[in-house]
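Please find the structures below.
Across the two complexes that follow, chain A remains constant while its partner is chain B and subsequently chain C.
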Partner chain A sequence: MTISELMFPPAFIMILGAMLLPVVRASFRPVLLVLVPLLTLLMIWNLDDGVLLTARFLGYEVELVEASNVRRLFATIFALMAMIGGFFAFQHARVVEMSASMAYAAGAVGVSFAGDLITLFLFWEFMALFSTVVVWCGGTEEARRAGIRYGIMHLIGGIVLKIGIEGVAVQTGSIEVQALMLDSFATWMILIGVLINAAAPPVSAWLSDAYPEASPTGSVILSAFTTKTAVLALLLLFPGQQVLIWVGLYMIFYGIIYALMENDMRRILAYSIVNQVGFMVVGVGIGTELALNGVAAHAFSHIIYKALLLMSAGAVIVQTGKRKCTDLGGLYRTMPVTAICGTIGALAISSFPYTSGFISKSMISQSAAYGELAFVWYGLVAASAGVFLHAGIKFPWFVFFQKDSGLRPKDPSWNMQAAMIIFAVACVLLGVFPSLLYQFLPYEVTYVPYTADHLVTQLQLLLFAGLAFFVTLPLMKRTLTISLDIDFFYRKLGPKLWKSFVHWLVVLNGLFQTLVIDQGKRLPQLWIRYHGPDGPLARTWPTGSMLLWVAVMLVVILIGARLL
Partner chain B sequence: MSEQPDDTKLADDPLYAGLKPVIYGENCPRVEVPDLKDGQPHWLVRAKTIRLLWWLFSGILALTVLAQLFIDVHDYFTVDGWFAFYAIFGFVSCLGMVIFAKVLGLFLKRPDTYYDDL
Partner chain C sequence: MLMHLPVLVVLAPLLAAPIVALMRGATWPWLLSTLVSWFALLCAVLLLIQVQAEGVIIYTMGGWEAPWGIEYRIDFANALLLVLITGLASVVMPYARLSVEQEVGAERSPMFYAALLLLSLGLCGMTATGDAFNVFVFLEISSLATYTLIAMGRDRRALTASFSYLVMGTIGGTFYLIGIGLLYVMTGTLNMADLAERLPAISDSSTVRTGFAFIVTGICLKLALFPLHLWLPNAYTYSPSAVTALLGATATKVAVYILIRFVFTIFGPEYSFGAEPLAEVLIPLAVIGLLSASTVSIGQPNIKRMLAYSSVAQIGYIVLGIAMGTAMGLTAALLHVFNHGLMKGALFMTLGAVMYRMGGTNLSDMQGLAKTMPLTFWAFVIGGLSLIGVPLTVGFVSKWHLILAAIELGWWPVVIVILAGSMLAVVYVGRVVEAGFFGEARDPTRREAPASLLIPVWILIFANIYFGIDTRLTVDIAEAAAAQLMAGGVVR
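Showing the complex of A and B:
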């Protein structure tokens, strides 16, 4: 059965679910957390291609649901993520967080099917709102502040996007979601608005600032939606825009370098989100069928292994209360399930053969080779090695292995273990049977990931990157530090300048008070003193003194005339 | 979670009404380091095991390079077809990134309490 006439968008099921979550009995919540995304999935997979639901809004014909295979693929992984993420969370997360996460995922599903820019914008802002709530659910003072910064960043991004959308609507009369040309201010604004959500430079810092402050379960949810809906939007709106290649390359290396400097394990993983999204942005920039297939596949597998990595980090936090590499280490002894699942996620992010990353990321670098983009290709290969370095080994090594921290936590609750195992199995399954994913990609796949030379070259690359890690281990000694980023300007310099501005205002106000206001009050007295009845300027002058002054003036004139 | 958040401040904020921070891992078991059983550490961290692992790792590294003698590696540009290109390129670029991060760290690293005092 397929649906060609719809009553409501698939996102509405999850919005309803989000509203029900707080009011149902606690024991029914896990059922709802699984059932609602499942129903959504069912609906998603029964949608025909094409525009399925329209409405009139503000005088525009908006397309609430437009389905195609790439949209369906993204919506699928979003719904799956909501399901497994919710299942992972239900014993530890607050109800607010579970409900907000569900609404956040609903926004992502809504964006996936948005046929026009207005619908896209509405769901986009919906995501911004509820993701901010998820950050706040971290429940600490740091989370409160980070949530405010996160919210402001995304509202600014939303405004920029809206300016662009309005411009496009006025100039072209069309609000269709379709490939746009970067030939006007308006389309540039749309691109910038979308790129802000993709954590592109110069504002990449919002991601590593906010996500690690959420709760151990919240950061799992956060890792999936915002950046990947931005990738989908780029894929639909700006395929083949060359500028994206350079933006993506910057993001790739930014992520690696900052992750190498970082000590907090969730911030390491946050930087590696920027890194991985960078690969996708490069793929959109290359824009060939192979590249766009690679982008879609990589977004799909990335959501799974990144969630898996953050789940293992979340499990460690729930069990130990520690989040810094300097406090952790040696946990493999008592947390074997978490350590194994985390390591599988780490191998998948590094594109190790027979994991999901291997079959997806390689399509993007391959497309650079076919496109004869030598510089880009060398960059991507170096970065692939760098991913193994900063996420593939660094994360599991410092958390689960290295020196013994003496901590002996148990593996987390059964549902957390089950969620991790499901995603770990998914990473391996997709890696071993790539056709599971390839059949759903936007274009027909002719790419063959498993060739002898690809296996050998990838193993060489990764294992020698591993060698580099252990050789340079002394250089990577963890320090109790954070690294300055663009957020320095609004977290430190801005407030400091504001404080000194206020300080100088007070000083100036004081000066003004003494010099102007107080003097002003004295003005009438001064007037009386000099011009009053007894004032020196009001006295009558004796004739003699006037004569004297006339004589002085004449002498001055004479001397002056003589000199000239 | 290493520092206890300031509860009173949070309660004053209407945005945060009802949200209390959760403290995780309070009862996480700990042992004295080094943890020795029968005078021996865990088998995985014994010097002997580590030496063995290094030998194993070196063997695998050598194998991946030697495999190129039997497998034709397709080249797209020029350098990438050279023998052991991926091994050398992977190693050198990682070395470069680690050193670059180290140097950049000298300028950008701050104590992790840097933003706390505002």
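Showing the complex of A and C:
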């Protein structure tokens, strides 16, 4: 497709789809849900590289569509996710949710192809708006509150990003999306704005706060877009920025620790999103070709298996109405399809050989090894074991196996099953034939995942992690029977270092809670008192008092002119 | 006829107003006023196109050359404003029929429409004229019409609101008159272009300085700069809905325009910001006003009053842009004048629809609106998003430029203030949206507002979105206007 033929960005197809969804007949909706992303995919794959569509906005020449390998890859998985996620949802979700999800996905596709910072920002805010609606569609009081907190968080993130972008626009005169140097206030603001969407510290909590409160179908959709567009933005704007390595490592361990202590199965998976995105952030921080390839590949495969895991969790919630691990168990008897698909997802997230996680995550850790970042490499390997513990074993074990909970739910509706099977097959296919994915990565891939060395290491790792899980099973269980008891966790695991680490993590998180979430309720009392409905500033004042102000202003201007 | 466009914008409503006042019933006065407003809009749009093609238009009244006669002088800045005023009037007029029938009553309709016409022509006249005294004349015409219109509100407090605005507005007008009197004494002219030519030579005199102080103070009262805004909340709250929409969208904006005209064209930016403490006075007031009025908005139980305080806050943004004294700041101010007119017009008209169906505009009347009056509710949501400054609405465009202007000057604290104002807007808009979306409707049987109210509302809502996406028209004109104004003085 040449420039002249391109009339509109690919995202517009999905925006149109989102607008059509509420007005078409219910029976036509599933068709639309599949057809619209399919058309988008078709368009995405017909885009040549380079800037394809520009427009004039705010006095700048904005690049609405700029295509490249990595952008196309991200857009592809976003469109794919919208399709399968929509198909998974169509029998259960409200129309508002389906429509908002489609618009949300459109925003993600739009960000993928944004050639300049303004376009990026526009679609960024578009996503924030509609993802908030998706959270609200959870329909409960918790969802309403979580949605408000989520909205405020993203509003702040958007504002920070906006300041950064305007600063860069003023200082450099260029709004191009390109690798930026962290040498000014403005670029730092952009980095922080993007990191907020990536659920980086100290605001990681917004993710696990909001996603589990959405509807069972909504959280599947939510898991895919916001954090991964942030990863793409980091990849395009800040490749090789050292600070990201530390941010990412923090996220990895934050995710693992909180997931291990959690009882709500969707919340476990939400923490594990933070953890997985942490891997990607580390990869961007390392910044070599291998690492960036790894980031792109891992984002792709992570979206698939995380959606698969959340689909299986969603199916369980739809069928049983329960969401706590302690209430569930033994479901494999009556929900075999869900159990198998969920387990495949769990294996994939643990990087089990011949699953998609194995061929993508290892690229990142390998790049740490090549880059002689020994500490980082150790961290990533240790974390891999942690991932297996919390998401790979804990989730399927307590939900589908373990003791019999007495529940006898059936497998969910056919479309949910079909969606799960498609993604489960995708996990395995990518694992067995890595070249399917490798050929679309930003740089040429020389990396070979299936070496004897790699296989053995990974299997050993998983074996010992698995062993550790079942040895400490009584401990794992105890954390589940009671509400979160952090004391227990760090008393058992002994060393003081560990204790203070966890402590600070919790303190930081609590600080965020009080600083951002609770602060809305505690604006300075004085200000409120003066500005409340009965405060002096809101009253009707006598005319004379305003005359006084008029006189004061007149005098100030007169005297001021003398002083100047 | 094209030659006479500058005066037709004013003349057509001026001729129609007495006829309207003499008519009987509600329908004919309404119809004539609507048609005249549309005609004025047509003239204004043609004027804007003409200015774009040919540059500044000078029209001498009755062929008398200035300084003997009055001249009208149209450049980018006032052409844009004329489109805003006549555009809003053209949307408000058709909207007014049902709303006025209910809130004012059929028997007073002819008077009402005549006053509304006088208001819009007064505002247009202030904008179009190139004569400082003529500004005062039109200022009084529009003000008198406003006092009448406010007093027609259904609530009895409308009378006191109108009276106190009468007193304060007259003080503002008098200050302005004293100011131009002083300038006339020194220069012997009332023509703006002549004033601009003659003032630099004598700008050191204390008479000119005093004139400057009087004019700025008087105009700041009319544009409701904090703390001279005290007349505004009651005036907006208790007027009939259609009046609030037109006033909220245009009246203070014209005062802003007059301020810009005096600061940049007549006194010139060097004098205003160099010899006079304009920035030092306006910036603190704008900043405090913006934060204070936004905070007051949050606590208001009456949504109309809430939006009135929000208007005071928005004036803060505009004055901030002017006080920066840079081309970018001025662009932002002009953009926000236009854009805020669009959003506040839309929002006040939405409230009029709520008033029509629910009989009030308190937060309790907004409960559950998403179910009972979805089109009205979503119009409010989009208008509210625009007020907050969400991308793809006009609010985003003007705040973008304002922040750009602040960053350009390196005024980071001001950037933070602007953003804090947006956050406060999120809160006060958010609570209405929350009530509408999650609240239980008091009376679930209430139906959607009639089409003749909704269509004008949605026209403005679409304008909010359209000008938020296609910024070529507004941004380019505002930039051109700012460039003209910064060049200062006379463009012959």
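Simple rule for what comes next: the second predicted complex is superposed on the first by the 472 of 564 C-alpha atoms of A that agree within 3 Å, B and C clash if a C-alpha of one lies under 4 Å from a C-alpha of the other, contacts with A are read in each partner's own complex, and residues count from 1 in each chain.
Assume a contact is a pair of C-beta atoms (placed from the backbone, for glycine too) under 8 Å apart; a residue touches a chain by one contact, two chains touch by 3 or more.
Just so you know, these numbers come straight off a predicted model, no measurement behind them.
Once the two complexes are laid over each other on the shared chain, residue contacts for A:549 go to chain C alone; chain B is not touched.
Between chain B and chain C, more residues of chain A are touched by B.
Of the two partner chains, chain B is the only one touched by A:318; chain C is not.
Legend: residue contacts after superposition of the two complexes on their common chain; A:406 is shown touching chain B, with no touch to chain C. Using the contact criterion defined above for the overlaid structures, shared-chain residue A:465 touches chain B, although it does not reach chain C. In the superposition on chain A, contact is made by A:144 with both chain B and chain C. In the superposition on chain A, A:56 makes contact with chain C only, not with chain B.
Shared-chain residue A:167: touches chain C; no touch with chain B.
Looking at the shared chain after the overlay, A:432 reaches neither chain B nor chain C. Of the two partner chains, chain C is the only one that A:129 touches; chain B does not reach it.
Touched by chain B in one complex and by chain C in the other are residues 144 of chain A. Against chain C, in their complex, chain A makes its touches with residues 56-59, 121-122, 125-126, 129, 144, 148, 152, 155-156, 159, 162-163, 166-167, 169-170, 185, 520, 527-528, 531-533, 535, 537-538, 540-541, 543, 545-547, 549-550, 553-554, 556-558, 560-561, 563-564. Per the touch definition, chain B reaches chain A in the complex via residues 1-2, 5-6, 9-10, 13, 15-16, 19-26, 28-35, 41-42, 44-45, 57, 60-61, 64-65, 67-68, 71-74, 76-77, 80, 84, 86-91, 93-95, 97-102, 104-105, 107-112, 114-115, 118. Against chain B, in their complex, chain A makes its touches with residues 92, 94, 96, 136-142, 144, 215-216, 253, 256-257, 260-261, 263-264, 317-324, 327, 330, 332-334, 369-370, 372, 374, 377-378, 381-382, 385-386, 389, 403-409, 452-453, 456-469, 471-472, 475-476, 479-485, 491-492, 495. Within the complex, the chain C residues that touch chain A are 164, 167-168, 171-172, 175, 209-210, 212-214, 216-217, 220-221, 227-228, 230-231, 233-234, 274-278, 280-281, 292, 295-296, 298-301, 309, 390-392, 397, 400-401, 403-404, 407-408, 412, 415, 419, 422-423, 426-427, 430, 434, 438, 469, 471-472, 475-476, 479.
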